[in-house]
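Shared chain: subunit A. Partners: subunit B in the first complex, subunit C in the second.
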Partner chain A sequence: MEKIGLFLCTGCEIGAAIKTDGLESLAKKGGAKSVVMHPFLCSEEGVAAIRKAVDDGSVDSVLIAACSPRAKTAEFRFDPLKVSVERIGLREQVAWSHPHGEEDTQMLAEDLLRMGLVRIKKNILPKPLAETIEKTVLVVGGGVAGLSAAKAAAGMGHPVVLVESSARLGGSMAGVKDAAPEQPPYGELHKNTIGELISAVQGNASVRVLLQARTVHIAGQPGQFTVDVESPSGKETFLAGAIVQATGASPYDATKLGDLGYGLTPDVVTSVDLDRMIAKGEIRRPSDGKPPRRILFVQCAGSRDPAHLPYCSSECCVTTLRQVAAVHRDLPGMECAVVYRDMRTPGQMEHFYQAVQEQPGSMFTRGEVAKVEKGPEGNLVVRLKDSLLGPDAALQADLVVLAVGMIPNSADSEAIRALRDARVGAEKGDSDVQRAHAAKVAEELAFHEGTEILNLEYRQGPDLPVLRYKFSDSHYICFPYETRRTGIYAAGTVRAPMDAAQAAEDGWGAGLKTVQCISAATRGEAVHPRAGDISVADFSLQRCTQCKRCTEECPFGAINEDVKYTPQYNPMRCRRCGICMGCCPERIINFPEYSVDAVGSMVKAIEVPDELDEKPRVVAFLCENDALPALDEAAARRLSWNPWVRVIPVRCLGAVNVIWIADAMARGIDGVLLIGCRKGDDYQCHYMTGSELANKRMENIQETLTRLKLDSTRVRILEIGRNEFDRIPQIFAEFEKVIEETGPNPMKGF
Partner chain B sequence: MAPLADVFPSAEFRDDLAGRGGATAARCYQCATCSSVCQLAPDDGPFPRRQMLKAQWGLGDQLVNDPAVWLCHQCNDCTVRCPRDAKPGDVMQTVRSLVVEKLATPAFMGRLVAKAGSTWPLLLGAPFLFWVLVLYAVTGLQVPAEMKEYKDVVPHWLIYAVFFPVAGLVTLAIFPSGLRFWNLLGSSGRRSGSFVPNLVPVLIEISTHKRFGSCDAAASRRWGHFALLWGFVGAAVTSGLLLLAIYVLKSEMPLPLLHPFKVLGNLSAVLLVVGGAILLYNRLVGGDRTGSSTAFDNFFLFVVILVIATGVLTEVGRFQFQPALNTWIYILHLTVVLCLFATFPYSKFAHMVYRMLAMVHERMTRPV
Partner chain C sequence: MNVSSPQPLLVVGAGIAGITAALEAAEAGKEAVLVEREQAVGGRVLRSHQYFPKLCPPSCGMEINVRRLEKNPRIRVLTGAQVAKADRSANGWSVAIAVSPRFVNERCTVCGDCSKVCPAKVPDPFNLGMNEVPAIRLPHPDAWPRRFVLDRSACPSGCKACVDACTYDAIDLNAAGREETIEASAVVLATGWSPYPIEKLPELGGGRFQDVVANVNFERLASPSGPTGGKILRPSDGTPPKKIAFVQCAGSRDVNHLPYCSAVCCLASLKQATYVKEQIPDAEVTMYYIDRRAPGRNEDVLTKVAATEGVKLVKGKVGKIEECAGGLKLRLEDVEAGRILDAFADLVVLATGMVSSLKGEKPPFGVGMDDDGFGLDNPGASLFIAGVARRPEDVAASVRDATGAAAKALVAARRSA
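Moving on to the complex of A and B:
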């Protein structure tokens, strides 16, 4: 930008913390066209002053040196197509966290101003995306979650196509008579309302239901997906703006539960079988068709067991409670015993548990089933272990019900892609060894063949990525509806184990997310977490070396490849995290307001005092999602840290290009800190893999340092939680000590 | 423990327990809060979780021979802290009533007293009718013109003729029950040592209520029970001393107010009134700290309170009331005392024997 207007607020203690006299000449020297100081910049009057300068064309970019970019966002929002805005957090990073009037505080403020000025100078105005956006929502799966999603999206005025693979709607709740209690005091069975939900969806003119159908191909990006569906009525193609995957879960295969007596006699059944009996009104022993007198329920049948399902399916306990209540209602006087490891009753279901426990004929006891044997009178004897009644406890029962867990109906996208790559490698590999290795991998992964569900045309695989235990992707710690495929939302039991009430809520949420996504696409804006961002990445493809790093590392699969591995960017899949910019070794990927050059220039704008001054300098790249809010919080609580640190907010730790560290080292800066969100299985990274990738890239950074003959201790990467603001001063103090031990950067003054 | 062929809950046992006020056992989810907070439970045999479990599973046979059922003093520390409101204190009390009934000799008396909620008119009416008829036959129910001594209403020989045989019968009845209980206890653990040397420390412990003292939720009940126990002991001793005064010392009756025997008797009466008042107050306003009131519990307390009340009125009223009123108060007093005596092996009163035996058994099975 050329006509930079610097607006400096002196309120909120900023005026008291720094001397403002010399700042105007500093700003002019740094390229500012005008400098306005205001004691209360976010007041109507202050904002009006900025607006006037923008409107009369005297400035084309506004540098606001006031509070953190996270504060006063409504006040300081201007038309992004007309004016570029950058913020400098003088309040948090200077006035609230450093002693007023000191030389080091002044140097800190001046550095921040210089950095802000070069940054905004490099900004260019974004070009708006103007695409035709399809409003239709595709829902894959017609169970509780899918039906709820369809109802929600249709209710918001969107046409919906619901694709269901079976011949009927309702999923696993169809054919179940009762539902767990839904109202206080949570003691009574509720009617299963799936029938009403199905009628509501079928009766909605905006919803088209395709039964026995599957999605054979989906290409494109949010707002512009092209969907091919095959059904008995033939193949059809339509456009969809966003997608809900609600393909549900299947009960665990009981034939693997021989230990628990399944297959011993027909009288060992699963909870699914019992639900069918209850629905038919005929609770009978399969062996002789007589009503049982005693039913024994085995909880965690194949769940929380490394040999079967290592996880808890979270709803089997409530299913059993529901069934015990139904049995007592339908066959009074029946004895029901439940053998459990831990009764797990999410939400209000503890009340239901207590109510069922108090019904005459209910018995709940902790223990594990050691063995199921045929009993003396054609019944069954269940021997317990780890029960509270000593080693030999046993129970006789006429019917044994195994409460089985659930397996998500998901497709392991990454494995399918690996299989496809291996198949290609087995044929076209460069050497015999490579071909043989690829053939072996292909064989190992062969069982993924034909498991595709969505059939996405994405470079990273045809479906949503899966998490632990093959549940479909979800940012489950912080934003459970978000997935790594923009505009495609997983809902219901395919995403996490849950009961029908939760699945309904999940479906509603996902349905509303599709509406949100389509509406953002219509405005050309990014969705979560940079909601409202209209800038898109720019690829200078003439310099691309087809290294595939961006296409591999984009967490959102936004970048496809052509046959020559040239990246093909899909802006509406993009979340603007900048991870591609961070990984590109050629630095050809940049955003109009966030580029390798702009941030590099900020690093270079830092004044580095002479070694003899004993004023070390540290650049801290802080992720704007968790680390920067934590720093702001620390400042708001008046915590203080050393004045050597120069904070540069970044969109994600994955968006830090290694060149910036090299720039900092070359500049004579003594150390670089990278502070990002939590990584690992329980990641909190808003872009899922950014923090993880940054850690991997540390290896490259170490390499760079060695090349520059520098100590590797000068660069440190850290994780922080949004709530760990108290660690901020500590982190900076510890790093100062490390730098002190390492000594000043030998590149100073070069 | 013998292998359990089948431990499916016995519906009969469960209904029996529920009918006595132990239905809350079903709520237990075996978290063991009760056993952790119980001050009385020994580390090597914590209760009442296990007993809750047995109650829930309907293992009545295993509860009858369980000494822990009797080591519980129903402080209700467990009930107060139970997260599920399963009221282990109540369940233990219910189980005790069940054991008393199960071991009763003769069995029908056990059933009769166990259902005191509905049979109390009979339990109180029969002794009343008995006294009225006997007195009618012996004295024609004459009301003396001036009340000097109660022997004018009921001759001493008649008192002996009724209460000595009743005491003998009651002893005859409680003895086999106690013996059966002692043998059942024996099946739950190996004892070492002999009975009497272990009985002495138990009696000392009972006399100080040391164990009761570690209760938390119902701390005041300890002192109520303590006063009541010593009040009854004092009253019994006084009765013995009176026999001595009448037949050996040939003292002139009634004794002067400051006579040592009289003082002891009045002191006992004060203890009984105080103890009875504390227990009654607890029962009326104690809530969870006292536990739910079952008919089994209430009947016993009711009779004890009546014995105390009529006893005090008998003494105080001698110079205050009309002779006719005094006569009937005295008859009522004899009625409730007879009821208390006669129901001893079948009412909550029997805990005296069962708890004492359980405590001796506990001492004898303690690891050395």
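Moving on to the complex of A and C:
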């Protein structure tokens, strides 16, 4: 930007903390065209002064030196297409956290101003995308979740194509007679309404259903997916704007449950088998076709067991209650015993549990199955352990039902991609050793062959990345629908274990997310978490070395590769986290208002006193979602910290480019801190892998330091929680100690 | 959306469910009005120290949600506002909203000068009354809209110390309330829940013994922004407890109190056990339960906590709690074995359940309820319920259901337009 207006607020103690005379010349020297100081900049009058300068064209960019960029956002918002805005948090980072009137406080404020000025100078106004956006929603999977998603999207005015791999709709609920009571009365069975849902979708003119069909190829990006589907009527290609994956779950393979008696006699069946019998109206022992007199249900068959499924499958307790109630209805007088570890009937399902428990013939007992044996009269004897019925408790039954858990019908995208890479490596590797290694990897991963579901043409693999236990990856507490593939939303049991009612709800939600994604694409805006951001990355490909880092590290798979490994950026897949910018060694990836050069220039704008002054300097890159708010909170509580630290907020730690650290070191800055969100299985990083990647890159950074003949202790990466404001001063103090022990950066003054 | 009713979606209640419903609709292109009774959004979730199963701070996700609220031009948030009257209209609902007087206006910079001079102290509602705060204050660290609030009823007669202290002319002690009418195309009710009062559980010491606390209060004890700055201390003497008992189903699954299961208390206690072990590693923690309900991936929390040294999970229903020398005596009934046992603790946490906000009130919008006061969707009236006003559930489920409720409301709005 050329015409920078600096607007400096002297309210909220800023005017008392620093000497403002002299700042005008500092700002002019730093490139500001005009400087306005105001005692109350966020007031109507203060904002009017800014607006006037913008409207009369005297400035094209506004640098607001006042409170944190997180404060007074409504007041300081201007049309992003007309004016570039940057903010310096003088209040939190200077006035509220440092002694007023001291030299160090003044130097801190002046550095922050210099940094802000060089940053805004590098900004370019964004050019929003204006693409043709397809409104059709593709739903993959025609069970409860998929049908609900289709109904939702169609109800909001979008054409829908629903692709189902089997010959009928309804998924696992299709063959089931009853439903658990989701609505009052809670004490009794309800009718399974999957038939009505199927009819509603089939009867909806906006929905096209393709049965026995699969997606064989999906290319493109949100708003512009090209989908190839194969079905008995041939192959067809259509456009889709967004996708719901509702491919459901499969019952756990009972043949692995020999310990629970499966396979011992035909009279040990699964809950799926019993549902079929109930639906047919013929509850019979498979061995002799006679009605059983006593049924024993075994809960957690495969679930909550590290040898099988470590998680709880969530719906089996209620499924068993539903089946016990159906058995009592269809065969009055029948005895039903249920062996459980914990009955899990949350919420209003408790009423159903109580009601079924009270039915004559019901018996619920806590315990685990030790062994299932053939009984003397062709029946079965189930021996229990951990039972309150006694150490050698055994129950007889002539039909045993295993309440089997569920496994998500997902594909391990990353593993499939690794398999494909290994196959290529086995053929085209540079050496025999490499080829042999790749061949071995390919063999180990071969079982993933043919497991693809969506068949996405994404560099990072053909499907949604999965989390622990193969459920699709998402921020599953706060933002459950946000997968790592923009515009593709998982719903139902492929996302998490849940029952049919929850899957329906999930389908509705995912349906809205597809509509939302298409709506955002139409406006040229990013989706979550930077919803509304209109800037996109710029790739200066003439300088690209085809190193593949960006294509591999983007958490959202936004970047494909051509045959020469040149990145192909898909802006509508992009979430604007800047992780590609952070990883690019050639620094060719930049955003209009967030670039390697801009942040690097901020680092270089810090004045570094020479070592005789004994004023070390530390640059701290803070994630703007968690670390920066924690710092703001520390300031609001008037906690104080080391005045030698210069804070630079970043979108994500993954967006920190190593060159910034090298720049800092070359400039004589004594240490660099990177403070971000928790990584690992329970990650909090809102870009999923940003924190993880930043940590991995530390190795790279250590190399850089060694090359510069610098101590590796000068750079440290740390995690902080959004609520851990009290750790901020502590972190800076501890790091200061490390820097003191290491001594001044020998590059000072060079 | 290509065709949508020009009238906004009205979302009542700005806890996690309401915020989600309003945001998801607004980001899909729909105008939305979000109405909240308190002066700041966030509801009950911000009073939690951490969420299960990730054990992460709720303010982390709320940070994103607040950015989304600030940035979205299609969303309007009214705080300190309640539904005064709601009538069916041709295209949806005509809703009168009463906005209470806001004595601190948008000129407030949260500088804090007013709090320093305020002579009146009130029990801190954010910390469930466990400490006192000035009558004028930021309601809590993550408050949004980011403005101070004044509990005007606590002002000493004639006092205007805060007005004099405010440099920014942000306080108007004579501010008046107002009413506005919103013509809404559809309504999502997300009015949340309240904790079952422990005073109703005198047999468990609720309201009788200082060291018998509710799980929601325990959550505040562990939070850095809580009354003890995040230190877990016994209310009676301010010392760290050594033997802590969590009593599950305190009121829930009990026909004399709440007949349903409150769905979150098992995981809340397991989570709170981790707070204890982190702060007081040698503390003994015992959790008395009927069933350990940790569905889905939450099982991992159960597995981890159950394997922690010094944590015991005992199947048994606690029937009575009495004071004894040095602490509290729990009489528990092993339901299945039919035995009576005694146990001791120096701090007892009652895992109390959730009561629907709709229960016992004259329900707004004439919403239908089940016998326990949980709301029932009424698609014909374009009225949908989200979050715990609909059923007892955790945050993840509330977010899911709120997104679903927003979807249903948008479909209904489009149909009636």
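By definition in this document, the second predicted complex is superposed on the first by the 717 of 750 C-alpha atoms of A that agree within 3 Å, B and C clash if a C-alpha of one lies under 4 Å from a C-alpha of the other, contacts with A are read in each partner's own complex, and residues count from 1 in each chain.
Rule of thumb we're sticking to: contacts are C-beta pairs under 8 Å (C-beta built on N, C-alpha and C of every residue); 3 or more make two chains touch, one makes a residue touch a chain.
Remember, predicted model here, so these are calculated numbers, not experimental data.
Does the superposition put A:388 against subunit B (first), subunit C (second), both, or neither?
both
After superposition on the shared chain, which partner residues are touched by A:629: those of subunit B (first), subunit C (second), both, or neither?
Second partner only, subunit C.
According to the stated criteria, A:529 is in contact with first (subunit B), second (subunit C), both, or neither; which is it?
A:529: touches subunit C, not subunit B.
Could you say whether A:343 touches subunit B, subunit C, both of them, or neither, answering first, second, both or neither?
In the superposed model, A:343 contacts both subunit B and subunit C.
Is A:484 in contact with subunit B, with subunit C, with both, or with neither (first, second, both, neither)?
The answer is neither, since A:484 touches no partner chain.
With both complexes overlaid on chain A, does A:335 touch subunit B (first), subunit C (second), both or neither?
Touch partner of A:335: subunit B, not subunit C.
Tell me the contact category for A:357 with respect to subunit B and subunit C: first, second, both or neither.
first
Looking at A:396 after the superposition, I want to know if it touches subunit B, subunit C, both of them or none. Which is it: first, second, both, neither?
first
Does the superposition put A:13 against subunit B (first), subunit C (second), both, or neither?
Second partner only, subunit C.
Kindly list the residues of subunit A that each of subunit B and subunit C touches, one partner per complex.
The answer is residues 343, 354, 365-366, 388 of subunit A.
Could you list, by residue number, the parts of subunit C that touch subunit A in their complex?
The touching residues are 1-4, 16, 24-25, 27-29, 49, 51, 53-57, 59-61, 63-65, 67-68, 70-72, 107, 109-112, 138, 141, 146, 167-168, 223-225, 230, 253, 259-263, 291-300, 303, 315, 336-337, 370-372, 374, 376, 391-393, 395-397, 399-401, 403-408, 410-411, 414-415.
Please output the residues of subunit A touching subunit C within their complex, sorted ascending.
The contact residues of subunit A facing subunit C are 11-13, 40, 42-43, 67, 71-74, 135, 152, 155-158, 183-184, 186, 304, 310-314, 342-351, 354, 365-366, 388, 468-469, 471, 475-481, 496-498, 502, 504-509, 511-513, 515-516, 519-520, 523, 527-529, 531-532, 625-626, 629, 633, 636, 677-678, 682, 684, 686, 721-726.
Going by the contact rule set out above, which residues of subunit A touch subunit B in the complex?
By the definition above, subunit A touches subunit B via 294, 335, 337, 343, 354, 357-358, 360-366, 381, 388-390, 392-397.
So in the complex, the part of subunit B that touches subunit A is made up of which residues?
My answer: residues 1-9, 11, 14-15, 18, 23, 26-27, 29-30, 49-50, 53, 56-57, 59, 84.
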